[in-house]
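See below for the structure under consideration.
Per-chain numbering from 1; labels A, B, C and D assigned in written order.
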Amino acid sequence: MLRRSLGALGAAALLARPALGHAPAVARRSGERVLRVVAPFEFAGPDPARSGHVFARMGVGEMLLGADPEGRPVPMLAASWSGSPDGLLHRFLLRPGVRFHDGSPLTAEAAAASLRHAHAAASPLSRVPVATIEAAGDAVLIRLARPFAPLPAVLANYASMILAPAAYDGAGRVRAVIGTGPFRVERFSPPLQLDVGRFDDWWGPRPAVGRASYLVVSQGEARATMAESGHADLTMGLQPVTLARLRRSPRLEVLTLPVPRTRILKLNAASPLFADQRVRRALSLAIDRHGIATALLRNPAMAAEQLFPPVLQGWHLPGPPPRRDLETARALLAEAGWRPGGGGILVDAGGRRFACRCATYINWPELPPIATALQAQFRELGIDMAVGIGNSSDIPRGHRDGSLEMALMARNYALVPDPLGTLLQDFRPGGGDWGAMGWSDPALEATLRALAAAEGDPIALRRQAARILGEALPVIPIAWSELAVAVNRDLAGVTVDPFETSYRLHDIAWAG
Amino acid sequence: MDRHLLGRFLRPVLMRLVQALLVALIIGALGFALMAALPGDQAFRLAAARYGPDMGDAAAAALVHRELGLDRPLAVQFLDWVGRLLRFDLGHSLVTGAPVLEELAMQLGYTLALAGVALPLSALLGLPFGLLAGLRPGGPVDRVTLGLSVLLRAVPAYALGLLLVAVFSIRFRWLPPAGFEGWREFILPALTLALGLAALSARVARDSVAAVAASPYMAFARWKGLPERAVVLRHGLRNAAIPVVALLGLQLIGLVEGLVIVESLFSWPGIGHALVHAIFARDVPVVQGAALVMGLIFVLVNALVDLACALIDPRRPRAAA
Amino acid sequence: MRVLAPGRWLGLLLILALAGFGILGPWLAATDPARQVLADSLAPPGTGYWLGADHLGRSMLARLAHATRLSLLLAAVTVASAAIPGTLLGILAACRGGWVESGLVLLADAVLALPGLLLVLLLAAFAPGDFLPLYLGLALAGWVEYFRVARAMARGMLARPHVEAARLLGFGPGYVLWRLLLPGLLPTLGVLAAFGLGNAVLAISTLSFIGLGIHPPTAELGSMTTDLLPYAHEAPLMVLMPAALVFVAVLGCHLLAGRGRA
Amino acid sequence: MSGVLAIEGFRVEAADGTALVRSVDAEARPGRPLTLLGETGSGKSLVLAAAMGSLAPGLRAGGRVMLDGTEMLSATPSARRALWGRRLATLPQEPWLALDPTMRALGQVAEVYRLVRGMPAAASAEEARARLAELGLGGVAALYPFQLSGGMAQRLALAILRASETPVLLADEPTKGLDADRRDEAGARLRAEAERGRTVVCVTHDVAIARALGGEVAVMLEGRVVERGPAARVLERPSHTYTRRLLEAEPARWPELPPRPAPCGEVAVAAEGVCRGFGGRPVLCGVDLSVRRGEIVAVTGPSGCGKTTLGDVLLGLLRPDAGTVRRLPGVVPWRFGKLYQDPPSAFAPHQTMRQALGDLARHHGLAWDAIAALVERLRLAPALLDRRPDALSGGELQRFALVRVLALDPVFLLADEPTSRLDPITQREVSMLLGELAGERGLAVLLVTHDAALAAKLADRTLRLRANGTDR
């Protein structure tokens, strides 16, 4: 633990722009244009489990594997990989000649150590039934306790980033980001700014862009303005309302891409209010998805009656567009024993009012307005829903202590590029923090288990899972998401990764 | 003579020192008590702040809980904090894991840089108007500045900032609406802060100049036969400066409050922004550290203002007593 | 009766107009501020909505009126809760002296050592989006000013011959407090309170703007600005309206306070 | 060195045409000072301002004000300004306000030598030191104005004016705000200036100053000079009624008071060996005093000798550190009253007299008629009852204060400099009233005053306190 005097604080205060701590400061090459990425996502310390998303996206750190646009694993630091027939032993052969930013070579031992750190941290890898991770010559061997098909996808998650041995201190904490990517950290000022410069010893082709910076701007309107005025070259997380305007700007190209993030309403099926599947269906029918998608998301195609968007091929079920049906909803509620009571609010046989509280949070700016819209729409059915806007952590906590009744949230099914990794968490028996609550279904469990063990026809199993979720509605889907990126026309070669693992800066060049 | 000087300079410093201790104690106790009583389990919030909503689940929370020893009794955690504070160790951020002191030093740099631009800017905007208005009380300049200052002080800082962004970033596209890289990024946040402060300083300067201009000692200095230049330089400036310097202390409250708002509005990575964030994330060491640093700087600058006042105003200790 | 200066009349008029808007607005709008018609999202003023509809298709008029009423009421309650105990404690300190005064002054100094906003922020973190912590924070940070002014003025007045004269004439402490001290303090405290009212309106909307005040869906002037900000390009007027109401409220209060306070 | 100030047919009108000064003629020359004597509002200060060339811009002046051949009224501002500090200088009213609060005494004198007379820095300081020493300020050269007493501040201002050695010296109310025992000193200082060959013009309401200064006196009333002539003649044999009234208002010239019955009543208050200190510094030491009903006892002595403290101890407002105080037994506390030096501060600023007296009547169950009778007895018009203190004169307020005290049928009255803030004519009226009432009501009065003449006139006996707080 560092001991510092307040005197040091005072001295540091005098330096208006103190140098930062975690990376060796590199003299700034002047004159070269910096590619400016502006995004809403703040980042914390150097630990990949916390801030890996930024390091991966900015090309600082790399994982053993990557993912293609369909979410299939592709080689990255591992040149090839293979698994034993019983699905328990996985071997990842490292790409030769890779160096870390501090000049040290990538060894199997270093890679295995990084993965062991990730396994011990709060990362997707920690949820994998790993028995051992060890180095064997040029390869990393991962032995599992039981088969886990989405392992390659988990290894493509940013938290499974491979860092140099020097990146860790004695206690195993990450103290500097020393990765292998095409860019190295020049200045790391969490939570808002990261400057990177080209790493000349990268194993891939030399990137055209020499310097780039990642800047967090939390206000959507400010991001849009920065894109418009040329203060941002690559602007991420554009809000739907700003898109039409940005599309008119001659300086910008706006790319949109559906991403597997779904806004869902989590219901506590253990509570007497939502235990009845008919009630859950009634709620689903009462939602004006088209209105929400049009007014708030500015894209009617985002209206979602099922969990998985079309981009998740194999999981998505073809079907008609969603429709609001208050009549059926009222009938279902009546069947479930809810009758109109005083003040237009439904009451059950015991005279209990249908009143509940819906928790949501502001990390995704569209959630509070959607919650407000739902509040008004459920009110038409006679349901009194209060909205509580708090911290996202209220949801897992409320899930754990059972106090949660309802939550509106945005769930990313591609946190690891294979949705199965997330579904196994969310819909395991008893439910998951960001999935079902007080609800389980043996058929779904069996289906997911079979998928994890890679038994049977994956396509059929996926559809089976999607169908079960669509009928039982442990969570009610509301709207899908799209990723909107504004690209300065000075840039060439910009592509968007639907899994948001990388901004692919190494593919970008200055146009003209 | 010596005793007078000691009384003039040493006593206020000692009083401020006591105040600084008081600040440390209050913030330590208050911050900790409040944070301990906050709704929601701290570990869950920290997990969400650290790992993002998608990874912030119960397993991550359990990890955080173990790592930070949050299951120790509150009293033990508080004593631990006080003990470390006495060794000038503010601990590590629960979110980033970095030493709080290190993070604060960096954020403080940004905050001081912004304040360092905003304060002179507000003086530049406010004082000349105040001076001109004070020289002709009731004249057109006075009326216009009065009107402008009343109007300006009624505009919420956030609306002022948005207005400036709308004009300079969106309408004319001259200045970036966010960021903190170069001098251009400084302009809008600094201007937002400075306009609010200038509205106040113009009024204080005006009243001070008007009072001095109408004072019998200025008339007497002229009656003595001193040339106008000497009258203003030798007798006017110093006396008119006294309330203006004393105002600096008052400005400081406005500055601290303005900083929190402006930093949040413009995503400026300063200490105010950090404080708001730490409150959202329940990052106890950062909340306490940031509040402590803000409180101590507040006391420090007030002490400097006291000293400056004592330097230019020989009556000071008597007036204060 | 002493007559108010024209500027102060204007201030009073503005505040009364806003209060009238807060009371009559909902009646004019004749709709619930929470009622939404998504199809009318961002409907311009006129088309069935006097002041248009917000992004969720709710009547701006109804919401603005409710928000104005909320702001003024909360600010008034806050100011009253700061002014009344602050004044009484100030008078108590001035009258009692001794350890009572020392203790109260120490407490006040301690509160003053922190910028008020810091206190409000810490308390607002208790239950973000709730009225109580906001109210408590503003009142706790605010009483000190009244305390200091009341104490200083009461000390000055107690030292003035007219208080001594009243005692010599056989009047008790009650008479001194109610007929001599309070009427003497009231004009100054009134100015302070008018100013404080404006600043409370400002603080409430500002804190709501940065997300630490009152949360939506409750209509509040600061959070309405935040909510509507993304639509600034499509409906600039609607972003402007809540901020303009804050401006008018604060302007009214400051004008009412007069130029006596820098 | 000439230095003749001649005023001929000088008049001033306000912007709305109201005549403020009508046709003033006067002249001052070296060795023959001029005193403009009159009450506040008589227009005497306007004459001085015109002589200085600093009349407020809104006023219209006519006639001639000549300074050695320069016509001050028609001269350009810069021409007038060029005379300041060289041909004429003004001793300001309340000099402690006119000294720069942030500059040491020496600097304020030295800058005249440096900047007006162009001497080098060292010589300037030297000269300044000499001027301070001349006026007995040698020890305070390094002090700031706030550290000086009122008398010292006035001497410092004089030192500054001596430094500029202008032939003409104007003095505006040189006794305003000074303790009575400093007033005579101020007059003597001005006279000394005149004797040094300077032309002194003094504006004052204080007959004593005019007498001390000598030379020519012009008595002003409502913008007119009602009487003018050599001081000796005007002040000894006034021809105008107003001048006579002014002169008669001086305590020494008061007619004998109507005889009071010899004090026979019991002792209202008595002090034996009373000591009292403040902050460790003894103020009163071993004072013995008793006041009988119907008797007026005066306490005199220099500032700070504990006169007021003694009164407050007798009233019970202060506890003596040693000694005993006895008040007439069986009498309720509020029958021991007090009159204050500054009448406006003795009333709540927000209450009208009717409210204040009404509260008193209600509180003590008195009939309003009794109070109304007192108001009449003290020759206060009933219309004044509805005014607040700021709309009443000092004399009126002091009489209301008497009403308030008398309504409670007092046995003892502490009158703490009750007339020192009143103009001379009112001072006399109030003093007479006090004398009458003491006899009429069997009132024991302790009169605290600076003014030995007043004490001699009004009191049955006088206790002189020394500066060390003893009565011996």
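Brief remarks follow.
Just so we're on the same page, a contact is a pair of C-beta atoms (placed from the backbone, for glycine too) under 8 Å apart; a residue touches a chain by one contact, two chains touch by 3 or more.
Nothing here was measured: the structure is a model prediction, and the numbers come from that model.
Counting only chains that touch, the fewest steps needed to get from chain A to chain D is 2. With centres taken as mean CA coordinates, the chain nearest to the overall protein centre is B. Averaging Cα atoms per chain gives one point for each, and the point farthest from that of chain C is the centre of D. Among the chain pairings, A-B comes first (most C-beta pairs in contact). Mean C-alpha positions place chain B and chain C at a centre distance of 22 Å. Centroids built from CA atoms put chain D at 49 Å from chain B. Centroid to centroid, with C-alpha atoms defining each point, chain A and chain C lie 42 Å apart. In chain A, 219, 390 are the positions where the chain touches two or more neighbouring chains simultaneously. Each of the following residues of chain B touches two or more other chains: 265, 280. Shown are all chain pairs that touch, namely A-B, A-C, B-C, B-D, C-D. Of all residues in chain C, only 160-162, 164-166, 168-171, 175, 179-180, 183-184 touch chain D in the complex they form.
Note for the complex: chain B touches chain C at residues 19-20, 22-23, 26-27, 30-31, 34-35, 37-39, 146, 150-151, 153-159, 162, 166, 200, 203-204, 207, 247, 252-253, 256-257, 260-261, 264-265, 275-276, 279-280, 287, 291, 294-295, 298-299. Those residues of chain C that touch chain B in the shared complex are 109-110, 113-118, 121-128, 198, 202, 205-206, 209-212, 222, 225, 229, 232, 236, 239, 243, 246-248, 250-251, 254-255, 259, 262. Across the interface of their complex, chain C is touched by residues 219-221, 239, 241-242, 245, 288, 291-292, 294-296, 362, 365, 368-369, 371-373, 375-376, 379, 387-390 of chain A. Interface residues of chain D, counted against chain B in their complex, comprise 52, 54, 81, 84-86, 89-90, 92-94, 97-103, 111-112, 115-116, 142, 144, 146, 157, 160, 164.
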